[in-house]
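Below is one structure, written out as structure tokens; the observations come after it.
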Amino acid sequence: MKMKNPPVNSLSLELLTEFSIGLEKLEIDRGCRGLILTSVRDPIFSAGLDITEMCGKSAEHYAAFWRAVQEMWLKLFGSNMVIIAAVNGSSPAGGCLMALCCDYRIMADSPKYSIGLNETQLGIVAPFWFKDTMTHIVGSRVTEQSLQLGQMYPAPAALKIGLVDQLVPEDKVQSTAATVMAQWLSVPDHARQITKSMIRKPIIDRLVKQREADINNFVSFISKESIQKSLLVYMERLRQKKQ
Amino acid sequence: MKMKNPPVNSLSLELLTEFSIGLEKLEIDRGCRGLILTSVRDPIFSAGLDITEMCGKSAEHYAAFWRAVQEMWLKLFGSNMVIIAAVNGSSPAGGCLMALCCDYRIMADSPKYSIGLNETQLGIVAPFWFKDTMTHIVGSRVTEQSLQLGQMYPAPAALKIGLVDQLVPEDKVQSTAATVMAQWLSVPDHARQITKSMIRKPIIDRLVKQREADINNFVSFISKESIQKSLLVYMERLRQKKQ
Amino acid sequence: MKMKNPPVNSLSLELLTEFSIGLEKLEIDRGCRGLILTSVRDPIFSAGLDITEMCGKSAEHYAAFWRAVQEMWLKLFGSNMVIIAAVNGSSPAGGCLMALCCDYRIMADSPKYSIGLNETQLGIVAPFWFKDTMTHIVGSRVTEQSLQLGQMYPAPAALKIGLVDQLVPEDKVQSTAATVMAQWLSVPDHARQITKSMIRKPIIDRLVKQREADINNFVSFISKESIQKSLLVYMERLRQKKQ
């Protein structure tokens, strides 16, 4: 019932594809009713989408990458299983999105870890279904301000606005996730699944209906010279930080 | 301006029908501008839908019962009057729904009383219009988690998430409701009514448009052998609790 | 980057028209990326719509006035700029609406200042796009109760329900607004603008689609003898208060 996302520094095309296939397998496995989403690398839950997949590649590559991001979201947000996020590190952009897709979010209680959809800080834009997912969790005022500012929230601030549901000491994240999972699994599966699907289906249908348009939109945006330049600047800054 | 729901242990087909007719009469009575919804039996505000109406009956009976539940909701949520809930006891499932339909909810400040839509705990599912009503009051994150878990909230927790608006000592519930009612009735009726109807009409229209489909959906769900079995198990558990 | 609304006691047809033209000019001026909305008259941020424009005038006048109110909202809520409200005084009705259209609201921390959509107290009704704007900021439960009651919130209460984002001492409102503006302007414009527009466009489109119907609706409502009488009573009360 647990899954560990290997190094998970970034969600590459390969990792996203593996993730979706893995999730689909668990979905049809009747023995698996719940999943704890966590990272084996402590300081980072997930660094989000792999920027190298969005830089200096062909339009075909961008399209394939974006389809994989959509697929991951469709599978994760639309899952019938109970999915608990054990957020044991920072979780920007795509990492935050994954946490938001879960049924419940537990985060390590440390101000050094933060979470948020910070796309605008990189000069890019979270698409409408990222926005819909965040609005579903924290409402429209907080979502609008967060997305415009590309704001990252330290754990205590994330709890306050409802971006995560619970903070626990870092070494209790996994055990708390297991306890919470037991509570969720005590509810009859069929009633819980119908309820979850009734609530999420309208949000999922919005992307399903305009999936190709959303891909075209991403490809034409990311192919712009100005966007490419701003991503390169961002990556250069990251590289210098590491040194 | 007050109404007392007789024993209100459970919302039977008969009680629901009486309730809707009574509400309709008050609605057209120009002398009645507001209503305080409360229970004469203290430990329970309303036990919700009568499970015996959903067990071992004919498809026709299930359909008639569900239509009566819809009718109650349409009348109560769509009322032009000011309706204040004086929640003087526990309020699961249908009882919680009735409180959520009111304009303002006052609850007895006691952790022994709780309120919530706990349908999944019985193996059944709150329909989309129960969900819409709850989302209207507490937003989509809390609604999704509550409905999946079938969670009952003790009074203090209910206040915290906004499921009720105010807690007062048990013996002050009625007098507070009267004070709040006076405040609401000080607003010019026509302006308040247009405002209320503008906000609630889209939510009401969703059920009106798919009323028959919703009945068919309920009948086919509740007629399933597995659902009938799980309701019998639940009723047996209740019976043993009482002894 | 700052704009001061002259006496701003009330939003007259003339002031609304000037405001929309001024905003449009700034919108196409590439040098202007942000705007701080404030009042030069301290005790009042804006008194809201000018009631004299709604009393004893012709149907043509009401229609022209309402079109100007719509235009102000379309321009302000739909602006590409960062707009910060520096609420340095009370802000009822139309004044509250203007603040709600901004990206962020800073209010003077004084219980003597209050803010809210208090239309029903005057016997009139906030139209659906006022309601949509408020729901966008504080959610549907608070909006429904506020609009029905025509409730004004003193600054601390306004912060609590999220109607404003931050309270600061009265003499710090402007400097705080400047600091917040600097933070918002540090985000790449194109990414922030696309994000803002993605979120607000569906809300704006609702009015665009039914603009003429909304005008007709306003004109027929405000022309009613009973509404005219109730506005005259309200103005008389205001006049007596001032003496």
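A, B and C are the chain letters, set down in written order, and residue numbers restart from 1 in every chain.
Heads up, the rule we're going with is that a contact is a pair of C-beta atoms (placed from the backbone, for glycine too) under 8 Å apart; a residue touches a chain by one contact, two chains touch by 3 or more.
Here the structure is a predicted model, which is why all the values come from computation and not from measurement.
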item: Shared interface numbering between chain B and chain A [over half = same, under half = different]; value: different
item: C-alpha-based rotation, chain B on chain C, 0 to 180 degrees, nearest 5; value: 120
item: Chain A-chain B separation of Cα centroids, rounded to whole Å; value: 36
item: Sequence positions of chain B contacting 2 or more other chains; value: 139
item: Interfacial residue positions of chain B with respect to chain C in the complex; value: 103-104, 135-139, 162, 165, 183-184, 187-188, 190-192, 194-196, 198-200
item: Chain A residues within the chain C interface of the complex; value: 119-126, 128, 131, 139-141, 143-145, 147-150, 226, 230
